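Here chain A shows up in two complexes: once beside chain B, once beside chain C.
Moving on to the complex of A and B:
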């Protein structure tokens, strides 16, 4: 009992430390004083300013478009990649492929960003929406592979054999057996890619240009002048938005899990 | 499978919907037409109202993009995948960009307002004859201090910093030339001194300052000084005016021994598309009224003599930001000392940093 209480306190402490900076930021986004030193009074001015600043809104929309598109495309590519890797039966080449995939995940963003800048320069792609989208897809694909592969591995090969025995074509097996089975992995991969894209700074910093910018890069260049509370307000909105997404995803999953559980009972 | 297809179809529809919304907002702002001007400038370094005025006057739409360091800006321009029409680098960056062929020459016959610029700020060593750059703002390096924390004491010179009463009170901006320059200036040498004996002496002299130094920091120096974490800071005048806006207990002084004079100039990068528009914009910013409005908004010192006359007395008469002729005499612009000498400066600064704690 005593140990239990201790671990609860510890857990609460950890969460407090995790959320304190965000709460601090949210708190001051309502400060009429205009700085982060002392709280003068409650105001919604900073939120009004966010919505009045069209340039900032365009940048927010850009960020969301890049995140959604890159996450969706890299999920498709990543799933295909995971299927291909799973097909490799021999141990050694498979390990080599997996390691190569993981190297991309652990390599520093700065290196990835600089490499992309050099690559785009050589092949003559103009910096802007396309360059940002391509690089985001590139660093998201390995993440999706990593999220999907365990699901594939966990699937019993008997399922596929049974389907084939019953006369299913290869395509049927893929669309009616394999993909539904790994669905949760696919969505997990999609959401990981989405968040990676949303908060990436280092890679994006190198490949933005020509009037196209994302939020992380914009906030960075504004921070030089001292972060305005508009940024606090915007961050609060984004935090709420992502929190809603996560909770929404959680509740959908739970409802489905309950539904599945009921079916089993019947 | 059906669910997956539906989910992904939905994601793509939402993404394209947002994309349409963006392009709608963009065209609402008038950004989609061919007649645009892309400005690549420091964050918050121009009055947004002036950009609107320029758009109204010329019908050219302005895209304003920001960078946070000369180095980042140079990399983007060097890469060539960008189409910036105007940029505003600092003087040493201009010299470097010129050397690397990143700039287009400026046709001064198109700049009818060039006559308003104070001749003192023209034809400087980093760009003789102003072939590639036109002055935008200038400033100094100096000391910001909080006299309340210092018990009402006033600082006027570099030598004051060595006072033992300032123990653990000084923040330095992390720049080799700024700090070494302070060492050299405090001994009466030039900022651009290359004599080994003088440099070593400056380093030793800086070494004696170490008990007073609290930290050597980057851009966060503004936050720390405004938050009264330390009483004294070595900063650029632009930063100083910003911090003083946040905390009125602070004061700025250009040391009497002399200091650095820096410039941010407008240039046309080699990647520019709208060269005609770029000239029009430079000329627009040189207009005394516009220059004055901009100087008032940004808070840095304007090189525009006619604009200075239009500024309220409390700004133009502020000796801290527009030092009198006697002090101006002592201010020096950084010369390009060459790669080897710069490396030596950096090395000495590094040694000083290592021994300071």
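Moving on to the complex of A and C:
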């Protein structure tokens, strides 16, 4: 009994520390005093300021556009990649492809950012929206591949053979058998790509240039100038948005999983 | 034949992606490391890397990354272990991961408030009679915030490894008279070693190359390899030296992957 209590306290402490900074930001976003240490009174002024700041709103829009576009494009590329890797039967080339696929995932962000900066400068792509979008696509593709490939590997080849025997064309097999089967992997990949893009700072910071900015980069430059409660208000909104997205995804997945009668394994 | 064609069609965009965004960037980094700031071919960057300034920086960067990894592991293992024991563990796990989905910058920014001179932590220290301390811009705050940020990435693989483990193995050990500690040390821990290893990988490599936390939280007191690369690329515009440091970081990364990855591959085959 005592041991149980101890472990509960430990878990509580971990959760407390994990959420402390977030709750701290949320709490002071309602502070009418201009700082993060003395709570003077309740106000929504900082939220009004966020919504009045057109520059900030444009940056939020930029961030969302980059995230959605890069997630969509990298999902298509990633699914193609997974299909390609799956059809390579010989072990050696397959391992080479898998290793190359994982390079960007394990590389430190700084190196990815710096090398993309060199790449774009050499090719002659102007730093800004296009370079940010391209680099987000680039680092999201391997994530999609990793989410989709296991689904493809667990699919029985009999399904494809049966469809072919029944007279389906290659395209039919892909759109009516394979893609529906790996749908959950594709959605997981898209979702992961989306969150990676929304969250990325280091890579974007390198390839963003002067005119274009995403939220992370903007927060970084504002945070370096000192404390401003607009950032708190903004982060509260972002936190709610993320939590909604994550829980929505979780419960949607759970419902689906329950319907099929099995637990989702991440 | 038909099959082959279809495969080639899938391969084209994907291989183009690999060529452009995986192979080309690595080659370019290597290429640029042989040029100095004026664009002349030189080995000078490599010579410069082996001067005490850069070696010292590399060493301290490794030391901090090591500290961050060890503390993350110490916090994450019990957490992952206890999580597998809770009801609704999927939901709890989600709650652990949720903060890692919050923008990194915002969390670092929150610590500016928490650790600041008039922040919550100092108010607390004042209350218990220790008194106000300088917390921000110290090694402590740097390691603490880094551990805070990386801990979910350590918890996840360990949790997965623990979940995969067959619980009857522990029962068997206990039936054979092992104490819980012995059962943990001889059965549970070795079986989850792969999770620990991938967790350490997921923490150590990014910790080597942190740069925004060093700037925001450590106030430029801690210089990691990541900070140095960022400095050379974006501030001093000495791409050659930045690329040289990146080359060494890539080598270090590859070594770490080989050291921690070997066993896993051995088991898989």
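One rule holds in what follows: the second predicted complex is superposed on the first by the 235 of 266 C-alpha atoms of A that agree within 3 Å, B and C clash if a C-alpha of one lies under 4 Å from a C-alpha of the other, contacts with A are read in each partner's own complex, and residues count from 1 in each chain.
The working rule: a contact is a pair of C-beta atoms (placed from the backbone, for glycine too) under 8 Å apart; a residue touches a chain by one contact, two chains touch by 3 or more.
Keep in mind the model is a prediction, meaning the values are calculated, not measured.
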Which of chain B and chain C A:109 touches, first, second, both or neither: second
Of chain C and chain B, partner touching more chain A residues: C
Partner chain(s) touched by A:61 [first = chain B, second = chain C, both, neither]: first
Which superposed partner A:220 touches (first chain B, second chain C, both, neither): both
Which of chain B and chain C A:28 touches, first, second, both or neither: second
Touched partner set for A:138, first chain B, second chain C, both or neither: second
Partner chain(s) touched by A:176 [first = chain B, second = chain C, both, neither]: first
Touched partner set for A:72, first chain B, second chain C, both or neither: first
Footprint overlap on chain A, comparing chain B with chain C: 35, 37, 117, 205, 220, 223-224
Chain B to chain A touching residues, read off their complex: 1, 3-4, 7-8, 11-12, 14-15, 18-19, 21-22, 25-26, 28-29, 31, 38, 42-44, 63-68, 72, 75-76, 79-83, 219, 222-223, 226-227, 242, 246
Residue numbers on chain C that touch chain A, as the complex places them: 2-3, 6-7, 10-11, 13-15, 17-18, 20-26, 28-29, 32, 75, 78-79, 82-83, 85-86, 90-92, 94-99, 101-114, 116, 118-120, 123, 148, 151-152, 160, 201, 205-206, 208-209, 211-212, 215-216, 225-226, 229-230, 233-234, 239, 242-243, 246, 249-250, 253, 257
Parts of chain A lying in touch with chain B, wherever the complex brings them together: 35, 37, 54-55, 57-58, 61-62, 64-65, 68-69, 71-72, 75-76, 117, 120-121, 124-128, 131, 175-176, 179-180, 183, 186-187, 190, 205, 209-211, 213, 218, 220-226
Sites on chain A touched by chain C in the complex: 7, 10-11, 14-15, 17-22, 24-25, 28, 35-38, 77, 80-81, 83-85, 87-88, 97, 100-101, 103-104, 106-112, 114-119, 122, 138, 141, 170, 195, 198-199, 201-202, 205-206, 215-216, 219-220, 223-224, 227, 231, 235, 238-239, 242-243, 246-247, 250, 254, 263-264, 266
